[in-house]
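One chain, subunit A, appears in both complexes that follow, with subunit B as partner in the first and subunit C in the second.
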Partner chain A sequence: MHGQADRRSEAMRSASEGTRRRAFTGLWVAALLAILSFLVIYPVFMLLLGALTDTNPVVDGIRLSLSHLSVANFLAVLANPNVGEALLNTLIACGGGTLIAVAIGLLFSWIVVRTNTPFKGFIAAASILPLFAPPLVAGVAWAILGSPKTGLINTMFKWMGSDLRIDLYSMWGLVFVFGIYYAPYVYMFTSSALRNMDPSLEEAAEISGASAFATLFTVTFPLIMPAIVSGMLLSFIVMLGIYGIPAVLGAPTNLNVLTTYIFKLTNWSPPLYNTAAAVAIILMVVTGLLVYLQQKLLSGRSYTTVAGKAFRPRSLDLGPWRWLTFALGVVYLLVVVVLPSLALIVAAFRKFMFIRDAASLFDMRQYSLMHFESIFDNPLTMRSIYNAVEVGVITAVVGGALAFAIGYTIHRTRVAGRGAIDLISTLPVAIPGLVVGVAYLWAWIGVPGGLYGTIWILALAFIARFMPDTVKALSTSFLQIHRELEEAAWVCGRGMLGTIATIVLPLARPGVLASMTLLFVLAIRELGSSLFLYTSNTMVMSVLLLDYYEGGNVGKTAAFSLVQTVLLGVLIGGANWLSRGSAQRSAARTG
Partner chain B sequence: MTATLEVTDLRKQFAIGRPAIDGVSFGVPAGEIVVLLGPSGCGKTTTLRCVAGLEHPTGGEISISGRVVSSPARGILVPPRARNLGMVFQSYAVWPHMTARQNVIYPLKHRTIGRSDAARMVEDALALVGLSDYADRPVVALSGGQMQRVALARSMVYRPQLLLLDEPLSNLDAKLRLRLRDDLRVILKQTGMTALYVTHDQAEAVVLGDRIGVMRDGKLLQMDTPDVIYNRPADLFVANFTGATNELAGTLVACNGKYGVVDFGDGRQGEVALCQTLAPDEKVRIALRPENIAIGRPDGANTFSVKVLDRRYQGTQTAYGIELFGKRLEAVELGTAARHQVGVEAQVALPRECLWAYRDVGPAATD
Partner chain C sequence: MDRRTFTTLALASAATLALPLRARADEFGSPELIAAAKAEGKLVFYTANYAEIEQQVIKLFNKRFPEIRVEMVRAPGGQLITRVKTEAAAGKLIADIVDHSDRALMQPLEDLFQDYAPPNAADYSKDALVSAKLWPRATIAWSIAYNTELVKDPPKSWIDLTKAQYDKLTGQVFAQSGGTTWTRIMFERQVLGEDYWAKQAATHPVLYPSGAPMADSLVRGEIAMGPLLYNVIYQKKKDGAPVEIFFPPEGVPVNPYATGIPKTASHPNAAKLFLNWCLSKEGQTFMVKELGNLTSLKEPPAFPEGFDPKVVKLWYPNFDQYVKLHAAWVADWDKTFGYRQ
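On to the complex of A and B.
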């Protein structure tokens, strides 16, 4: 009798525990969905609404906006020849840039993986170095090098008595700079595909009578085509969302791409927010389509070229030609790193950018620290650095914690609704940074006493923008922990949260720290979404740099670029040291 | 059409370690299938790849139909594509972005062959391997065995002077391996092609090869017809590798032409076959196949008494562990009935032509 009652109360207790547990998981999923809606769905919805009305839903009230809902505004924008021109320019610039990126990326992955070129490690490092250059800084450096009148390269040509002149303030300049800086995206995909390819596939072609060249084009490249195309799409997608480079190189000749055009619209007086929203939607749709294509390609059937047994990758003996391939690596490093750095250094330390001849280039009296003194005399400079760090810390801590919660819920639990969480948290992949900025502007500008004008709106926008990559990076860190380690802790009587605290977090700590540091770095250098969300109190480094550039003072711009580059270099070095290289891959994903 | 492969004193030294190939010489007459057999790391695949031109030898000479294709001393190195040979890879290496037909026609596109001739040759090759019905399927839609047939058709379609096969069956499942093994010999013999075949599977080697070369540590130990390899192995390693896994030790006391008398210790003596030139008083080791031990059939001079230690019933045969002269030996008896009880004393007859005596050169000889 007694035992039976005991058993019954036990059963009741476990039943009530089950209900409590269900209630808790329900609350948990609801909370995550609410946060994600707040971060992603609401801003995008407001952006869409803005594009489809001629009123401001925040200022005039949602009801009025809904009653004005029509596609007329959107169609008017589509019919606008300026929009068409910007779209065309975007496609040409990104298309051309992608072609160059594919050529460079493919060439270097072949050199590094398939040849006996000397110092291959060095070339491999050079091939991914441009990933770490902030686009705006790269743009500024190449403007200093390649401006048609005062550019350093033209000055050199003149000194050498050559009639050759280059002009990077043009579509060609844009295509060139895009191409060289986004080649690493193609390189990363194709080099790993080449490395994983069974060498006997190529040997079979050679035995069949094909020359090395024919083998490359009939067997090697077709086989890694999925990797080539996804690298290509990714570099195109990243270029679509870049603001810094076209802003610098396109402005002098009024060459607009979608990103710069959107910013211009919001800077007119009165600002054309509705039009900006509509153009942002166009940019988002194009990006979304390409992202969809790329994901489909990556998840779809890829050729399994990996043989069961371990193999040595083939290394083609190039003979004396290997010094040519080595020289190509050196030239690339020169073009993407050495020359731009030299240009920045010269411009930052030189009193006046006017260089009469080459002799004056080496005249030490022309150099001083005056630009550095001048930028640090400006109180905004220190404030922007402080602000950037503050935003970075908030983004890293809050974004990191959120991403961990999301990643764990998606990958390690079976709660209902995790599919929706997964979907919403991956959505920002298809939204360029600039569009995130416009969407947040729409979402918060009219809300009184709200976020607009605070550091937090920047941080929240960054958290939303980098969510997919942070979730991915963090998930890999704890997916490496075998499930049984967690199950062992459960069996020992620990609850889910206790297990996470005592088992998962300590084991995943290096990966979690690295992801957070990476998030910090990404937040500090982000320009596209900051542009629309800063006020004079919340000015951040990247925006101030653009300000200096638009102010027309090359010296100050270069000096501040150097400050920023050094700061980022130190941070990335630290992040890499923390994660030993695993951060690199996801840095690439977000540009 | 088909021609001879001549390998002379081939050497290959990688950057580190002992040489991968250490002075290998052999020849393959026209129309013959030669199998290189050996454990992994013995240098058989490296030898094949040197013949193909995929690996560059550091010494010796290779000539195909009288033309020297590789001779480091004379500075000759003909690239693979100009050697006019075919090769089948272990991983099939069929190109997954093409159909079966596209795979097979590929070598013809890199030769001066007319379009209609090429189409006919492809049909012939596909028919030969029995894949005519699958010609236009993408190769990724084929099974492993079919992929290997595509690879075979591709390597034969241009009628090369020499066909190289690098463990072509080792990625297939056991049943398919047996079937394709028999088909392979029929196809090769049908076309009359000269072939060099590399494997670590002795059963494959016996079925396929006109001659078998056993390799170890970069050296060719013996090259002969399968029945000589199986019945007169040149040394203890060849004997062991081809299945004579039992070993006895003793001292030779008398020689009598092809046979001799060995003392196994404690005055127990038996007659053995001498596989090398040996002199009395030499220490010898004797290799013996498990199938050649007949338990419970006292017959002839070499009859000894053994103890059955254990018994493992394997369906169509039974394996016994027996004790002879204080050593454990393996014995196998065919048949679905297990005849001997564990623990019994029994008589075994060991025919003298099944006991192969070799000079004892230390423990390294058996591994």
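On to the complex of A and C.
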């Protein structure tokens, strides 16, 4: 009797637990979808509405806008041969840039993570520095170096008596700068994947007689393919949306890409936002296709390399070849970090950027602190720094948590609706910042409770805008963790949240920290969507930087971007140092 | 001297000393307005002008009225108008003052603004006004600038800029960039001749989205010369850059701003006081001398360096034509210069 009653109550308990779990899952998915609707769907709807009408949805009202629907903007845009040319230029520049970025990023992540190259820690730290510099600043720095008329590199060639000349105001220049500027992006993805990879697979290949080179191409790189493809795709997509670099390097020769074209549309007088929205939708379609392609490529394969077995990332002994990889590292640093930094330093400290010859470059009388004095004399400078850091921290913490929730739901659960979550959270990647800024303004200005005019509207815009970057960065970590580890925790009686806290989070921590850092950097640098959302109280650094640039002041632009770079370096170095401390603590605890 | 006489004399001299100050303070508004403005303590200022330039204006204003904080939002013309329209439609227009370089974009928004006129309204030239509510807080003028390190045989007029010897040395801000450039190209076609654009385009100018990056390129030597707004390039010259600026003899196109106070301003008194001060003789003199502006006051209190009022011919666009010709002429300009839309 007793036994039967026990069994019955147990069955009832598990049934009610099942119901509870289902209810919880339902609520969870509904909550995520609600957040995503607010952050993504609603602004995208406003953008579509803008592209399909000739009205401003806030000024003219949604109802009027809906009654004016037409595809006229699209027809006008598609019939315009200049849009076609801009699209072609965009694809060439971003395609070429991506190839260079992948080649460089992959090479350096391998050098840093898997070899015994001397000073590799230093190379690793320095190689992500370009990420700190806003694209506009990178563009300015490379214009100073590579202008055909006044570039410092050509000045030095002339001084050395060489006839060699370079011209970065060209498609080649654009491809080159895109490539080296976004190599760190690929590096960040691939290095964390390499770090998390079980080296026993490589050892097996070598034991079977494969050379180190063959192992690299037949085992290592194929295994971290999700990271490579994600990094490749993301850098391509991010290049699609970049304005600063093509604006500076392409403008002198009238070389248009889609973003500079969109900027023109929004900056003309009167501005043509509806046309810009239509061009933006075209950009979204291109990006959508790419994302679809990536999903297609990665689906149906297993990339699990982190399993329940202990391993220690090993480094390959390169012998004397390690000096070659070291030299490569030095050249990379020189080109990607040292040269542009020098250009910025010269511009920041030099009174005027007219440099007649090499002698004038080293004439110390031409240098002063006047640009720094002037920027710190401006009360907006300190306020913008404070605001930017505040927005950056909010974005990194809230956005990181949200991305973790989304990434976990997409990759580690089988709940209904996760496909929709995946799709919606990827959508913002396709919208160029400038246009999405207007969409956010249109969408959120009417939200009751006074969101507009606060720092939160900026943070929300950044969280939404960079959600795909963060979710993708995290996904590679999730894809690598074998299900058996979680199952082990469940078997031991842990609930879902407990499993996440004790298994998934610690294992995915390098990825989580990397993506939060990325989010912080991106938020501090982001310009396009800030332009419409900041108010007098919430001015951020990137907006002030654009002010300096648009004010025609390379000196102050350079000085302020040096300040920004140093600030980011200090903050991120500090964060890294803190997290390393906590990593050691947790290692000590488990050890 | 007894005590009473001394006190009387002292009071009298104090009063005499205080008078000019008092009179000058009155110039900017009634004591009630000033008190109300001080009580509000701040204002939000939307401008299409460069932040750095406006920062100097605010600094000087604060020397006179340190109790009033001016918070600035600066955006390029097109973006600023979109922001103002959208905020206004949502009932969240934060601006206490909107200051814009394109009068044609501002005039249709007239209804957003409250009735306002500065104490010295009668001193302003009618040519500069497009509405009784919008005032030419800033008035800026075109000039020609060149890099003295690169140009040994400088141009002396608008027509000189079309000389073949300056091929690939010039720069231009493109027509669609905004009200100030539109004023210039209208002047070029109406005053310098129907073929001026074609002649200018034949020298292969580098096209810029706005004057400031072009000024910077000129200083760096990317281009050697070109038409620039005087106030943009004047800052560089003042700092010692190797540039020279002149007002060409055929005429100087002038673009007055349109500045007004929205009906919804939450700091209307501070806004009035700030505008009164900007539009006063003191404010305008500062903008002319230190910023390189002109003024729309009928009797200018000062002129920028190198500006001889007897020689320079100012050119104000006919506002009707300014509005009506815009689309067609800009399209023509784009075609002539091979600027792709």
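Things worth noting here:
In this section, the second predicted complex is superposed on the first by the 307 of 591 C-alpha atoms of A that agree within 3 Å, B and C clash if a C-alpha of one lies under 4 Å from a C-alpha of the other, contacts with A are read in each partner's own complex, and residues count from 1 in each chain.
Quick note on the criterion: a residue touches a chain if its C-beta (ideal position, glycine included) is under 8 Å from a C-beta of that chain, and two chains touch if they have at least 3 such contacts.
Note that the structure is a prediction, hence the values are computed from the model and not measured.
In the overlay built on the shared chain, the residue A:Asp167 is in contact with neither subunit B nor subunit C. Once chain A of one complex is fitted onto chain A of the other, the partner contacts of A:Ala251 are limited to subunit C, with no touch recorded for subunit B. Contacts of A:Thr218 after superposition: subunit B is touched, whereas subunit C is not reached.
Ranking subunit B and subunit C by residues of subunit A touched puts C first.
By the touch criterion stated above, A:Ser208 is placed in contact with subunit B alone, subunit C being left untouched. Touch criterion met: A:Trp442 reaches subunit C, while subunit B stays clear of it.
Contacts of A:Phe532 after superposition: subunit C is touched, whereas subunit B is not reached. Shared-chain residue A:Asp198: touches subunit B; no touch with subunit C.
Of the two partner chains placed around the shared chain by superposition, subunit C is the only one that A:Asn82 touches, whereas subunit B remains out of contact.
Annotation: subunit A has no residue touching subunit B in one complex and subunit C in the other. Put simply, subunit A touches subunit C in their complex at residues 56, 58-60, 80, 82, 85, 147, 149-150, 251-252, 254, 256, 264, 266-271, 273, 351-356, 370, 378, 380, 438, 441-442, 445-446, 452-453, 531-532, 534-537, 539, 544, 547-554, 556. Interface residues of subunit B, counted against subunit A in their complex, comprise 52, 54, 79-81, 85-87, 89-91, 93-97, 106-107, 110-111, 140, 151, 154-155, 158, 171. By the touch criterion given at the top, residues 198, 200-201, 203-211, 214, 218-219, 222-223, 225, 301, 303-305, 307-309 of subunit A touch subunit B in their complex. Interface residues of subunit C facing subunit A in the complex, by the touch rule stated above, are 44-45, 50-53, 55, 71-79, 81-83, 85-90, 92, 94, 102, 105, 147, 149, 176-179, 182, 206-216, 219-222, 232, 236, 239-242, 338-341.
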